[in-house]
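For clarity, chains are labelled A, B, C and D in written order, and residue numbers in each chain start from 1.
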Amino acid sequence: MNPTHLVLGVIGADCHSVGNKILDAYFTEAGFHVTNLGVMVSQDEFIDAAVETDAAAILVSSLYGHGEIDCEGLRAKCVERGLDRILLYVGGNLVVGKTPYAEVEKKFLDMGFNRVFGPQVDLAEVVELLRSDIAAAGRK
Amino acid sequence: MRFEQMAWKDFLAQRLEVLKTWPTGKDVDLDEGLRYQRGIPEPKNFARAMNKAKSGRKTLIQPRAGVALIDDHIRLLRHLETEGTADLLPTTIDAYTRQNRYAEAAVGIEKSTAAGHSLLNGFPAVNHGVSGCRRVTEAVTKPIQVRHGTPDARLLAEISLAGGFTSYEGGGISYNIPYAKKVDLGDSLRAWRYVDRLVGYYEENGISINREPFGPLTGTLLPPFIGHVVAILEGLLALEQGVKSITLGYGQGGNVLQDLAALTSLRELAGEYFAKAGFSDFDLTIVFHQWMGGFPEDEAKAFAVISLGAFVAAAAEVEKIIVKSPHEAMGIPTKEANASGLKATRQVLSMLTDQKICADNDIIRREKELIRNEVRCLMEAVENAAGGDPIQGICRAFAGGLLDIPFAPSIYNRGRVLPARDNEGFIRLFSKGNLPLTDDIMSFHKDRLAERAKAESRPVTFQMVTDDIYAISKSKLIGRPK
Amino acid sequence: MRFEQMAWKDFLAQRLEVLKTWPTGKDVDLDEGLRYQRGIPEPKNFARAMNKAKSGRKTLIQPRAGVALIDDHIRLLRHLETEGTADLLPTTIDAYTRQNRYAEAAVGIEKSTAAGHSLLNGFPAVNHGVSGCRRVTEAVTKPIQVRHGTPDARLLAEISLAGGFTSYEGGGISYNIPYAKKVDLGDSLRAWRYVDRLVGYYEENGISINREPFGPLTGTLLPPFIGHVVAILEGLLALEQGVKSITLGYGQGGNVLQDLAALTSLRELAGEYFAKAGFSDFDLTIVFHQWMGGFPEDEAKAFAVISLGAFVAAAAEVEKIIVKSPHEAMGIPTKEANASGLKATRQVLSMLTDQKICADNDIIRREKELIRNEVRCLMEAVENAAGGDPIQGICRAFAGGLLDIPFAPSIYNRGRVLPARDNEGFIRLFSKGNLPLTDDIMSFHKDRLAERAKAESRPVTFQMVTDDIYAISKSKLIGRPK
Amino acid sequence: MNPTHLVLGVIGADCHSVGNKILDAYFTEAGFHVTNLGVMVSQDEFIDAAVETDAAAILVSSLYGHGEIDCEGLRAKCVERGLDRILLYVGGNLVVGKTPYAEVEKKFLDMGFNRVFGPQVDLAEVVELLRSDIAAAGRK
């Protein structure tokens, strides 16, 4: 069985690399094939890599506060590029300033992300969710 | 290594190009900038404040802060100087500006105006231009500094110095390797040579501008000597261009004795290397950064981390401490949260101000000796790689992994060094990558880590590193297995 | 001094009277109480927890907390053990009960029920009786202690020990002189002999109950030796009656090195005096109280004071720390504020747990030697005054001012001792009253204060004392003139 | 000119003696004649001392939280005992728990106190107020 492909990266002009390295290690360890684009990744770079690897999901990080600006339109661009079933996960310190999680979640769900995570998320739970979301989406 | 000032005509030639990179550049006039700076009252000069802190053995407190719009930014700074009793003020620059993406910063300003709150993570000083900066610097009573993370910070420097800022953070290594991905190291070093020359020009004309290389780098499990070498190199490059007031930094590591050793040795070693390179007319001060890694989400716990940092600053008698807020783990702080970090810090500092605490003991001496030896190994390697030219030396050293900063995003950094805490929480190396450390030094590191591995009945692996990265945010110093 | 156990028949005779002083007294049955205590799971035994902390070199955290009504009190304690991660729980008793004014406590319970929130500053355990106490102690999972300030705490002890508490704070001096005005010192010492005998009886029957004299006394500029002498004397009186698990306390003074010296010397000196008096079968542990004087009103600053206290506890490796809250200056904390004090404390402790910090240096040694000499002067004076009978000795010593606690309200205390901070914040004596200190010792104190007076260009007066009392609440350690 | 007499004390079962000693020193220094009853003072003791010294004001402290219970009825008792013009000041941590000052002030003004102070009060201001209140009350 081929491992499921994921694309991972930190969007925009964001340089926070520590969490990214940990996510890479964690999802690889969990059995996924991770294409890690590192920090400062543009929407197009995410999509190119997803197309290229036939990825089941794109895992977007944003730590530095500009997530709101940087992530806008990603879903539309995915659809445009034919990635209509791809899962979009996003996590980190997504907006500027300490903000109730529910508010942040709504904002990013509305933008078309499938799941939204705060910085204190338990990665084991993310892996569970990802597996079941992928299964539900009929991919493996 | 030879240290040579940039030729003035080269500077001016470059300058024409730099000022064209964004429309606000055209408003910068060097001489008018000098005149403007001459009018700034002395107590608002940052270099002078740092010098006074040193002679008076005071530790000054400074927050980080910056929002998109000028009026909001002024309100924020005023709150920090009144309610927060900040001694020194910052203007933290947004992340688009840091990447010279001024068009995106402009979008951020627009969206922020529309939203009624800041959507940018800092103050877009280039977009606001000289007059915008002056509105800010004139609105406050304390010395004020530009804090950022910009590999090519030439335009920002031109605008902000003409705009009345009297201190400028950063350096060609420290504002590239941790802050950028694909910026050529030689390019950023040369861009910073320009910035330092600009500051040197102000100095020559009687305006002292403080310069502060960014010490903490990635803020993540950084062994003291790595940051020290970068700080010393950037210090040398700044002095080369005529900078006089220089503040070197170090970020809290978490082990109190290692932090104390690091802070004293930074002052000593920098002084020695600067003198050895032939510099004498400089004013060296030290800044300590409260814990720069992941914070606990809980605000009470964050206050504890903040207070512990303040304790170390007081014990080490540094001239300045950069203060975190109880919102650190969650997002850019509100002005109230930011002020509360300052107040907690102030309280610890003033309770300890007349006390002498563990200034010296056997362990501190052991660690200082270690740091001194480690720094010597790396400095010699850079010198050897330099062939006379320090910028060359630094580029070659990074290319060869003789300098290597853990967890950094830059592709010009090898990223093969792996640190971990030993059984008492000292930050050690478990993989040195290609760092030119002697076997003696490495066997000390390895022994100390073996001790921890034994205590935890597990090998030293990347899991241990990960555990250590999370530790403080999970209320521990050392990431022990459950 | 001779140490003799109270005769059992005298105890029983007194007991009949004690239990009659409030209706709930009739529900106490000694043997049933013992049986009940035998059923308490070992991990909930306070004495055992203290002992484990010592062998495991752990510092346990404990808040203060108590409200009028049982259900609210249970909710409060549960919050402190879950959210606050308290290792040990308290039940702080209200101020009417402390003065045996149970009728007024009853009014307080009524008014609190009516108001829907507590109008009492603690839990009126006597009014709630044995069954009320059991509801509380059964509802929690951590060892739980009675904390109060009661000169005659005999009925409270009978009820609360039968009610499942496994530790009892207080002593005949420490719960009289700082807490009462007109209670005869001999009376309170004899009442506490009864309490200690009761605990001794539990011990003889296999139930270990921890006892903790109240170290900080008035919590206000207390030079270490005064508290130490009281602690040692109360320790001796407790051991005399068969107490085995004894925890001596010291309240943070604010100078880190003086605090470290005080904490180590308390452990050493108590051990020595206990051994000299012929006791060997005891388990001595040390508790440190975060700053007991006036707190800053601002919560961020309060967190700083709390964190600094936690730092000292960690450095001194004490078994227990009593934690303050960010509401301290303003009023009894909400459960959230109380938990946040615990969380900040926990964060500092766990970040320092594997570190060894300034355990020893020349200044600490100088201060330890000083404390040792001061304690010896006072202990000898008490022994000389005793004519064999320690209670007699203590009463005479207080009457003659050989023992004297600064700022205490009791008319049995001379109140002629005046402390002030020296130029580094060490607490010294500027007036010794009638304390039997040698000239050598006093000239050391005076020299140190003269140094400060010189630095501040003003004489040592009561104004300086007042300034020092306010200092920490105004963000300083030393009350310097403006 | 005879100095104005004040009665000072900490009400109820309250043992907090530090502030009391400072208040004593401060008002004495400011030129008042202070009868300091110390801690744990009952309403009757306050009134007895006021009657005896013909005091212009009673300064009640309460730190320990029971102020609400302990102070109730003091004004009525004063009137009963013929002290109809006496000034009643109260200060300290007057109720249980951190409470907005305005709320506490109202509670104690309603009880008949003339002025109510929190623990962080500036004593110099209190002396000013006291002088003018005494003058206004037509006493000296």
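Everything below uses one rule, namely that contacts are C-beta pairs under 8 Å (C-beta built on N, C-alpha and C of every residue); 3 or more make two chains touch, one makes a residue touch a chain.
Because the structure is predicted, anything quoted here is derived from the model rather than measured.
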item: Set of chains adjacent to chain A and to chain D; value: none
item: Smallest number of contact steps required from chain B to reach chain D; value: 2
item: Most widely separated chain from chain C, with each centre as the mean of CA atoms; value: A
item: Computed distance of Cα centres, chain C from chain B, in Å; value: 45
item: Distance from chain C to chain A - Cα centre to Cα centre, in angstrom; value: 55
item: Mean-CA-position distance for chain B and chain A (Å); value: 30
item: Listing of all chain pairs that touch each other, if any do; value: A-B, B-C, C-D
item: Chain D partner contacts - residues on chain C that touch it in the complex; value: 94-96, 98-99, 101, 104, 107-108, 111, 117-121, 149, 178-182, 218, 220, 293-294, 297, 327, 329-334, 337, 407-409, 462, 466, 469, 473
item: Touch list for chain C against partner chain B, complex; value: 254-257, 296, 298-301, 303-308, 310-311, 326, 339-341, 343-348, 350-358, 361, 363, 423-425, 472, 475-478
item: Contact footprint of chain B on chain A as seen in their complex; value: 12-18, 20-22, 25, 38-40, 64-66, 68-69, 93, 95-99, 119-120
